[in-house]
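In what comes next, chain A is part of two complexes: it sits with chain B in the first one and with chain C in the second one.
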Partner chain A sequence: MDYTNQIREIATKLFAEGKIDVFVGYRTTGFDGNQVPVLINGPGEADRLVFTDQSVFNLVNYLKHEHTRRKRVGLVVKGCDSRSLNLLLTEGQVKRENLYVVGIACEGVVDEKGEKLQNCTECVVPDPVVADVVLTPAGIRAGTPAPAVPKPYNVNPDVEKLLALPLAERTEYFEEIFESCIRCNACRHSCPLCYCAKCCIDQETATLYHGANTTSSAFHALVTWSLHLAGRCVDCRNCEKACPRGLPLHLLHKQNEQVIYRNFQEHLAGVVEGDRGAFYKYSLRDPDDFIM
Partner chain B sequence: MSFSTYITDQAGLRKFYEALVNTMETYAPVEKFGRYDFKKVATVDECDPDSPIAATQSIKPLYFPRSAKVMKYTATSAGTEVSETDGDPLAVKRAVIGVKHCDARGLQVLDKVYNWDYIDTDYQQRRLNTILVSARCDRAGTHCFCTSLDYDVENLDAADIAIVNGGDGKIYLSARTQKGEDLMKSGVAGHLSGVTDGSEAAPMKKQFEDFSASFRLKMDYAEVNGNLSKIFDSPEFENVSANCVSCNTCAFICPTCHCFKISDEKIRDTGVRYKSYDSCNNGYFTLMAGGHNPRPVKYRRWRQRAMHKFVYYKERFGENLCVGCGKCTIACPVNISIFEVVNQVALAPVEE
Partner chain C sequence: MEATTDQLVSIEKPAITAPPDWEPVIIGILCNWCSYAGSDLTGTSRLQYPPNIRIIRVPCSSRVDPWFLVKSLQTTADGVLVSGCHPGDCHYISGNYYARRRFLVTKNLLNFLGFHEDRVQFSWVSAAEGPKFAKVVAKVTEDVKKLGPLHLYKKENFSK
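Coming up: the complex of A and B.
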C-alpha cells in the first residue's frame, strides 16, 4: 500500500486549482520509517507528503485545530478515519463543501515492528465512507455515494477474555490501568471525536474530575470519556497509540462497541451518513432489556 | 577531592543492587503495559535496571510527585481549619537504581529553580535523602542528544554513584559525591574490589568516546541559544507546531518540566488540595479567570516551551532546561521532536 505519488499529484493539483488552503497528510521523519502528520500550505511542499502502510495517525483529528478552522482543507482518510469524519459532518462540526477528502482503500496499517495493528485485523469498513476520490490498488476512482457494506463483525479477543473474568478480577485489572494513568490527556487530545470547547474532565473545580493524578480521578476521567464516546467511537485507536503509558484503552472503547453492536441492532458508528450514533436514536424495536 | 572507584562484573553489580534493596527503600524501573516507571521494589527480580530509555518514565516524580497533597482542610460556617497531610514520609532514606545519566542530570537542572526565590523544602528533603545510582548508556537512542547540551557527560557528576561499562565484562562503579562515597563504604559494596592504580581511566574514556560517536543527533547549543533569543517573532514557530495536538504528554514525561497547577478534591465540607503537573502546551494553561488567554494558539504555546527551555532558563540560571533524553519525542502522539523544533527555528534563514 503506497500511494505517495498519487497523493502528491492530487495535493499539487488542488493547490494549483485553488480548491484548498491547507492539506493534511503524512510525512516521514527520516528514520525507522516513522511517519507523522504534516499540514502543508502550498504546492511547493507537496513533495513532503507520503502514504504507506505506516501512515497510522487519524488525521480527522486536525479538523478541530486552529490551522484548519474556516479554511478549505484537503485530507487523507482511511476507512476508520472516514467514519469519524462522517460523525463530525453529522454533528455539524465541519462543512462538507470545505473539505476535499482523499480516501484510501485501506489494507491495514502496521506498527513499528511491521505487524498489522489489531484494530486493522478486526476492521469492518476498510473502504472510506466519505471521499471525493478513492485510491485503490486498481487505480483512482470517484468517492462512494453508495452506502458501505460492513464486513462480518469480529469480536475482540482481549475484551472477550476480560469479560470472562469474575467481576472482582476485572475491577482489579481496570484499577491497574487507572493507577498507571498520568492524566496527561493525550488520549483525549488525539481523539478525532473529542471537540468539546471545555471537556468535562478538565473541570478543575469539579469534585470528581479534579486535575490531580489520583486513581479515582483517572477512573472518573477515563470512564466518563469512554462513555461519552460510546456509540461514536470508530476504533481508530489514536488514543491507545498516543498513550505514553501504553494503556490498553481499547478495552474500554471496544467493550462499549461490542455491547452496542449486540444490543442496538448491530449499530456501527459513522458508517451511515446522517446517523447520529446509538444513543441519539429512539426505536420501537429496541429490546429495552439493558442499561448501558 | 576524589572518590573511590570499584570494579566488578554483571553478577557483582546485581549483588550490589540486592544489597541496596536489602538495606534501604529502593526504587527501580518496573514494567507495566510495556512501559517502565520507577516504583518501590522488594527484590531485584521485580525490576529491570537496564530498561530501555525510550520506554521509561523520568525519575522526576520521585522528587516532584505527579500529584502531591499540599494540605487538608475543613470549611464550615463556623470557620476554616487547615491541617498537614499525612503520607509521603520525606525523611526515609532511599536509593534509585536503573537511572540513565540524562535523568540524573535533569535533577541538577531542577535544583536551580527549586533553590531559587522560593526554597521548596519537600523537594530538598527528597533530594537529600535519595541516593542516585545512574548508568551511562553504551549507545545513543534514536532521539537522544544529551552530548550536545551543556553537561559534562564524561564526568557524570549528576549521580551519586555512576556505573560505566568498561568492556570485556568489566563494570566500573564510582562514587561521585560524598553521599555516594559514604554508601559505598557502608557495606553494600563489601564484595567489590576497589581500584587504586588508576587503571579505570582508559576503559571509561573509551566507553565515553564510543558512546559519543553513536549519536544520530548533534547540535551546537550555544548557536541555538543565541539565535532563538533574537527571533521571538519567527514565523517558523507556526510551521513546527502545526501538527501538535496540544496534550500535556511532553511536559509530564520531561525530566525537567516543573510547572504545576493546584486543584481540590472536596467532598462536602472537607477537602484535600493537590499540586499536580501542568503543561504550557495545553490550551488552558494561561487562561485567566476573566476569560482572556494570552496564548490562545498553538504556536505561541510551543514558542513558550522552546523559549523557556533554550532561552529564558539559560538566561536566568545559565543552563538549558533540556537534557536531550528524547523522551518527549517518543511519548508525543505525533512524535514532535524538540531537537527538530529548536533547530528548525533557530537555523531558519531570517528575512531582513
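Coming up: the complex of A and C.
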C-alpha cells in the first residue's frame, strides 16, 4: 500500500486550482520510516507528503484545530478515519463543502515491528465512507464511494479473555492500568471526536495539587471519557497510539462497542451518513431484563 | 505541602474490613415525574424503607449522564440506584428509552472494570408504586450491605 505519488499529484493539483488552503497528510520523520502528520500550506511543499502502510494516525483530529478552522482543507482518510469524519459532519463540526477528502481503500496499517495493528485485523469497514476520490490498487476511483459491504464483526480477543476472568482478577488488572495513568490527557486530545471546548473530566486535572493525579482520578477520567464516546467511537485507536504509558485504552472502547453491537441492532458508529450514534436513537425492543 | 514522588507511589491500600456499625451509602437518582412522586407516596403512605438512600431529583431518567454514576462511586457511594418511569410512560415521551441504552452500557462497563453488578442498579417505579419503591430500596440496601463498603478507586483513599 503506497500512494505517495498519487497523493502528491492530487495535492499539487488542488493547490494549483485554488481549491484548498491547507492539506493535511503524513510525512516521514527520518527515524525508521516513522511517520507524523504534516500540514502543507502550498504546492511547493507537496513533495513532503507520503503515504505507506506506516501512516497510522487519524488525521481527522486536525480538523478541530485552529490552523484548519474556517479554511478549505484537503485531507487523507483511511476507512476508520472516514467514519470519524462522517460523525463530525453529522454533528455539524465541519462543513463538507470546505473539505476535499482523499480516501484510501485501506488494507491495514502496521506498527514499528511491521505487524498489522490489532484494530486493522478486526476492521469491519476498510473502505472510506466519505470521500471525493478513492485511491485503490486498481487506480483512482472518483465520486461517492460504492456502498460499503460490511465485513463480519470480530470480537476483540483481549476483551473476551478479560470477561472470562473472575471479578477479582479483572479488578486487579484494571487497578494496575489506572495506577499507571499519568493524567496527561493525550488520549482526549488525540481523539477526533473529543471537541468539547470544556471537558467534564477537567475538574480533576490540576496535577500540581494533592491527589489530583491518582488512581482514583484516572478511573474517573478514563471511564467517563469512554462512556461519553460510547456509541461514537470508531476504533481508530489514536488514543492508544498517543498514550505515553502505552495503556490498553481500547479495552474500554471495545467493551462498550461490543455491548452496543450485540444489543442495539448491530450498530456501528459513523458507517451510515446522518447517524449520530447508538445513544441518539432507541428501539422498543432494547433489552430491559436488568432493570427492576 | 508538596508530595514527593515516593509518597505518591507508595499509596497504602486500606483494609477491606467493615466496621461493625457500618451502613452503606446509596445514591438514588430519581426521575421527577414517576419515581420521585413514587417515593413521595411511599412516605405519605407511611411505608418504611431503609434510610441509607440519598435521593437526587432529576427531570427525567435520560438526564442521568453515566458520569453521575462514575462520580458517585468514586466519591461517596457504596451503591447507586437509578429509577425512572416505566417504558411508554415517560413525561417527555421517549426519555427513558434513551436512558435504558445508556444504563445497559454503563452497567456492563462498570462490571467489566471490577464493580459487582449489584453496586449499580436500575428500576422503573411509577408514581402509584409506593410499595414497590420501598421494596426496591430495601433490596438495593441489602445487596450492597452483603457486598460491604466500596473501596475500589475511592477518592479519599488516594488523596495526600
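Rule of thumb we're sticking to: the second predicted complex is superposed on the first by the 272 of 292 C-alpha atoms of A that agree within 3 Å, B and C clash if a C-alpha of one lies under 4 Å from a C-alpha of the other, contacts with A are read in each partner's own complex, and residues count from 1 in each chain.
We adopt the following convention: contacts are C-beta pairs under 8 Å (C-beta built on N, C-alpha and C of every residue); 3 or more make two chains touch, one makes a residue touch a chain.
Because the structure is a prediction, the values reported are computed rather than measured.
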First, second, both or neither for A:Ala138, with chain B first and chain C second: neither
A:Ala164 touches, of chain B and chain C: first, second, both or neither? neither
First, second, both or neither for A:Ser190, with chain B first and chain C second: first
First, second, both or neither for A:Val38, with chain B first and chain C second: first
Touched partner set for A:Asn213, first chain B, second chain C, both or neither: both
Which superposed partner A:Leu227 touches (first chain B, second chain C, both, neither): second
Touching partner for A:Gln255 - first (chain B), second (chain C), both, neither: second
Footprint overlap on chain A, comparing chain B with chain C: 210-211, 213-214, 217
Chain A residues touching chain C - in the complex, by the definition given at the top: 159, 162-163, 167-168, 170-172, 174-175, 178, 200, 210-211, 213-217, 219-220, 223-224, 226-228, 230-231, 252, 255-256, 259-260, 263-264, 278-280, 282-284, 286-288, 290-292
Chain A-facing residues of chain C, complex: 1, 3, 8, 11, 66-67, 70-71, 74, 87, 94, 97-98, 100-114, 116, 121-124, 136, 139, 152-155, 157-160
Contact set on chain A toward chain B in their complex: 29, 31-32, 34, 36-39, 57, 61-62, 65-67, 176-177, 180, 182-186, 188-190, 202, 204-205, 207, 210-214, 217, 238, 241-242, 244-248
Complex contact set, residues of chain B against chain A: 32-35, 37, 55, 66-67, 142, 216, 242-243, 245-249, 252-253, 261, 263-267, 274, 276-279, 282, 284, 297-298, 331, 333-337, 340
